[in-house]
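The following pair of complexes shares a single chain, subunit A, combined with subunit B in the former and subunit C in the latter.
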Partner chain A sequence: MYWVSVFTEAGIFAILALGLDVIWGWAGDFDLMFYGYLALGSYMTFVLTIGKPPPSVEYIIGWHLPVVLSMVLAIAAVVALAAIIGAIALRNLREIYFAVTTLGAVSALYLLVEIYTPLFDGYNGVYGLINPGQTALNLTYNGYRIGLLVVVFVLLFLAYLLIQRLSRSPFGRMLRSVREDERAAAAYGRPVFSAKYRAYLFGAALAGLTGCLFAVFISAFNPSAWTPQELLVIYAAILVGGRGNPRGVILGVFVVYIGFIELTRFLPSPASRPDFGPAMRQVLIGLMIILMLRFRPQGLFPERPGRDRGEQPAEPRGPGPLALSASAARDAAPDTEPDGEGSAG
Partner chain B sequence: MTTFFVSVGIGLSTAAILSLSAVAFTLQYAVSRVANFAHGEFLTVGAYAAYSGQALFHQNVAAAAVIAALAGAAAGLVLNVALIEQFRGRSAITVFIATLGVALIVENLLVIIYGAANVSYTFAQGNLHHIGPFLWTTTDIEVMISALAVAGLIYLLLQRTRFGKAVRAVSQDRALAQVSGIPARRIVMQTWALAGAVAGFAGFMLALTIGTFSPTLGFSFLLLTITATVAGGLGRPYATLGGALIVGLMLQIAGTYTSSEYELVYAFLLLVILMLFRPNGVFVRRSTVAVRA
Partner chain C sequence: MSPALLEIEHLTKSFGGIQAVRDCTFAIPEGQVAGLIGPNGAGKSTVVDLVSGFGQPDSGSIRFAGEPIIGKRPDIISRLGLIRTFQTPREWRNLTVMDNVMLARRRFADESLWRSLTQARRIRKAEQPDRAAARAILDRFQLAGLRNDLAVTLSGGQKRLLEFARIAAAEPRLIILDEPMGGVNPVLGVRIGEAVRQFAADGCTVIVVEHNLPFIERTCDQVVVMDLGQVIAQGPFTGLRDNPRVVDAYLGMDQSHG
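So, the complex of A and B:
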């Protein structure tokens, strides 16, 4: 049962990574708000299904809706929040400015949820969604967990098919052109903001779905489940797999989650220092991010260049974003001052 | 009215620390065009170095401050050589993500060494002083005076010395400075060491005024720092001081009249609002050019 649970979790995170990859891999926006969407989706699923809060516990809404309906509503709430954040952050801000703005937004949300208890009961969080539908489906506990695993993988497969299709569609190609050179894309009449905005909403919707699945999977949710560091693991997974390549991203998640996190669970963790293991794991994840960025920014499975149908294949383009491959040439001579040579002549 | 002046007083003390941290952040940006997400860790490293060294010099606050600054300088130097220069020529966002990784590493290394729980110095906080309408502890006064002194030193260093001239040249155009015979790489390294020292010192001051701290000290202060830096204008050291003053005072006053728990929520909302309307700083006329760093 342990491995069922591990694979379910990895499958959920794979869907999340696919969503994030649309925002970061295709549209090129480094979004730090993303885990907040998962959190909101999860919280909303809880408060829509677990009914009125018992005494001494507070949270909003408190309805008794069927789980599937509440998932739809939760995703709608997430997309609504993303619509606000995206409209603010994507309009004029790019790169670091975008990243910092989304970080500000997610930190404000995090603190608000943690401090303001009437929202989602602050630090205690919400809980009580235990295996919804188990009795109705007449399943044993183990059967239910295996069923959940199957559902997650079916959803992952559907998400993959959808994204693979989107990736080759005009929309996917437009997003990549915007990522590579926003001005050139705008000059060719591509609606830059609207393209990025739609990608953002789509990614957030997937994050909302993951939040719902997460709610069913862990049956409790509180602020310690969505600290900023969780998102970095997803970014690390995308970096390892290959930014912009859906198949690579899914593989990256499985490599990072199962290969890496499960293996480092066996790190020595002396009883006197219970935080040693988790801290060491974070250190290794940080190292992995830096090393991947430095030595293989395109990931293990690089994004494949789009093919022109009908004409002769164009000469092979460098893997990954142009900015990165251009800099690879510069890195060849790191000891000189590369900018100086041109001006000196 | 008394409440107002007390909160202004505390706000000034916060602003003093914030201004040091923000100036250090903006100096790094000026010479390397890098938004250093691991900047908060300089503060944490400084605070913990002083924590480890406090017994060494018989509870001497000044000695502990020097230790913090030295540790910060070392951290700045190492980060510059081992990471920032390695990523030279890469896009700003790539370096930003890499420094995010560094922040993760340093924070967790500190957890491994010192534990995740709060620690505190054994220095005395000192008495309360009524000065005019304000109410300050001895520590608050020390913090403000030393912040002013450090800011003055940085000003002199940047404006009156050969090193400062070189820093300004490099921040304008590194390549041009290089061909004019300025050892750009060395200047950048020295600037990072300077920024690290200022940040390490700020970290010690921050830990001293708060009382207790944990390895997340710097990270939670980082967003405040970025807010102050953006309010002043990225890469503009003197305007940053003004930005820190505005942000520090606004937070403290808003926190006093609602609830101090929400201070950081206001800070982040302020950051978002600044980004939306004044991404180039409040002292610059609203620019028609969108920020595309």
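So, the complex of A and C:
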């Protein structure tokens, strides 16, 4: 059952990474709020399904809704929050200014959840969503966990199909033009803010969905279950797999997530220092990000632009005057600086 | 004379204490190639930014095809049929040459998230004529063989040509070229001049901001001369040689070194 659990969690994170890749990989916005959307989705799923809080515990709502319905509402809540954050952060802020603003937003959310107990019971968090539907489906505990793994992978596959289709669509192409050069995109009629905003809400919706799955998966959620730093692992996975390439992103999550968990499991953790292993894991992930950025910033599977397979309209001509001029221009043109797309992180 | 496509009246724009454009007034008739010249700091690029929505004027009015466009966003003005370039080619670097031109074809309706998700097959079929047109345009600018390469891999001259291919694909009413000859060798320069005349022959109006006066003389029907944020002369190039203000501000200086 250990491996079932590892793969379920990796599958959930793979969906999360696909959503983040739309925001960062396609639209080019380095969002640090993203893990907050997973957290909100998770919290909302709990408070919509586990009923009224018992004495001495407090949280908002406290309904007893079916899990699937509560998931829809939780995703709606996440998109609503993203609509507010995105409207503020995406309007005029770019790159590091955008990143810092979203970092501020996620820190504020984290502190609010932790300190303001009437929201989600502060540090104690919410719990009690234990294998919803297990008795109705008449499954054993193990059967249920395997079923959950299957559901997660089916959702991951659907998310992949969706993203892959979008990636090759005019929407994906337009979004990438905004990422590559915003001013040129505007000069050719693209509404830059609206394009980035739509990508942001779409990515946040996927994060909300992963929050719901996470709630069902771990059956309790509190501030120690999510820290904004966790997002770094997702960014590392996208970097390793290949920013902008859905298949690469999924693979990156499995490589980083499973690879690193397994690697660090065998690290010696002396009894005097039980936190050596987990700390080492963070160090290794940081090291890997640096090495990837230095040696292969495009990732293992770089973004693959769609190829035009139509027949060549005419035979290539001999070296006419223009062919000459183009190669001469190569020498005459001022050097254009590569601005290091991959180093945006 | 045909009616003016672009009318600028009493345009003023300051940056801090500096008046970059002050009481600037001129009009460009439809179908003409007009040069916009003047010494560095004359306010030419600021006017281009104000017209294309990349800056907001302090006062004055701009009408494009009779419609006031001040306060509109760049993308809205672009959709009205105005395409501008920047001083350096701004290709979408990590997209293919073909995608660069397809984006310039501007099939806006298909770029909605929902339609892109639900009608992928229909969209792919519907954009075939545009793909054929894009290939033909790339062929015209001798980039067809490179259409699956990333734009970032093109040479400086090829990037200039891609810029023109994108403009041709967009089929605009008004084109504003901001220093299209910057860093261009003479042979390619001739080709660019031909491309500008071809745009005019196809019915476009073109405004060229340029320091290369022989190019302006060859290519433009009329010239607007700016200095210190104002228009100091407008008319055919030949008449400007005798205008003392123009000679004083610009031509005399330029003729002294070539």
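Structure notes:
The rule is simple: the second predicted complex is superposed on the first by the 308 of 345 C-alpha atoms of A that agree within 3 Å, B and C clash if a C-alpha of one lies under 4 Å from a C-alpha of the other, contacts with A are read in each partner's own complex, and residues count from 1 in each chain.
As a working rule, contacts are C-beta pairs under 8 Å (C-beta built on N, C-alpha and C of every residue); 3 or more make two chains touch, one makes a residue touch a chain.
This structure is a prediction, so every number in the text was calculated from the model and none was measured.
By the touch criterion defined above, A:171 reaches subunit C but does not reach subunit B. When both complexes are overlaid on chain A, the residue A:223 reaches neither subunit B nor subunit C.
When the two structures are aligned on the shared chain, A:198 is found in touch with subunit C, with no touch to subunit B. Within the superposed three-chain model, A:133 lies out of touch with both subunit B and subunit C [touch as defined at top].
Looking at the shared chain after the overlay, A:53 reaches neither subunit B nor subunit C. After overlaying the two complexes on the shared chain, residue contacts for A:187 are found with subunit C alone; subunit B is out of touch. On subunit A, the surface touched by subunit B in one complex and the surface touched by subunit C in the other have residues 323-324, 327, 330, 334, 338 in common. Listed in rising order, the residues of subunit B touching subunit A in the complex are 35, 83, 85-94, 96-98, 100-105, 107-109, 111-112, 115-116, 174-176, 178-179, 184-185, 223, 226-227, 230, 261-262, 264-265, 268-269, 271-272, 275-276, 279, 290-293.
On the side of subunit C, the complex with subunit A involves touching residues 52-54, 73-75, 78-79, 83-86, 88, 90-96, 98-99, 102-104, 106-108, 110-113, 115-117, 120, 123, 127, 131-132, 135-136, 138-139, 142, 144-145, 147-148, 150, 152, 155-161, 166, 170, 183-185, 187-188, 191.
By the touch criterion stated above, subunit A contacts subunit B in their complex at residues 30, 88-89, 92-97, 99-101, 103-105, 107-108, 111-112, 115, 182, 229, 232, 235, 273, 275-276, 279-280, 282-283, 285-290, 293-294, 297, 323-324, 327, 330-331, 334, 337-340, 342-344. For subunit A in complex with subunit C, the residues that touch the partner chain are 162, 165-166, 168-174, 176-177, 180-181, 183-192, 198, 202, 303, 305-308, 310, 312-314, 316-317, 320-330, 332-334, 336, 338, 341.
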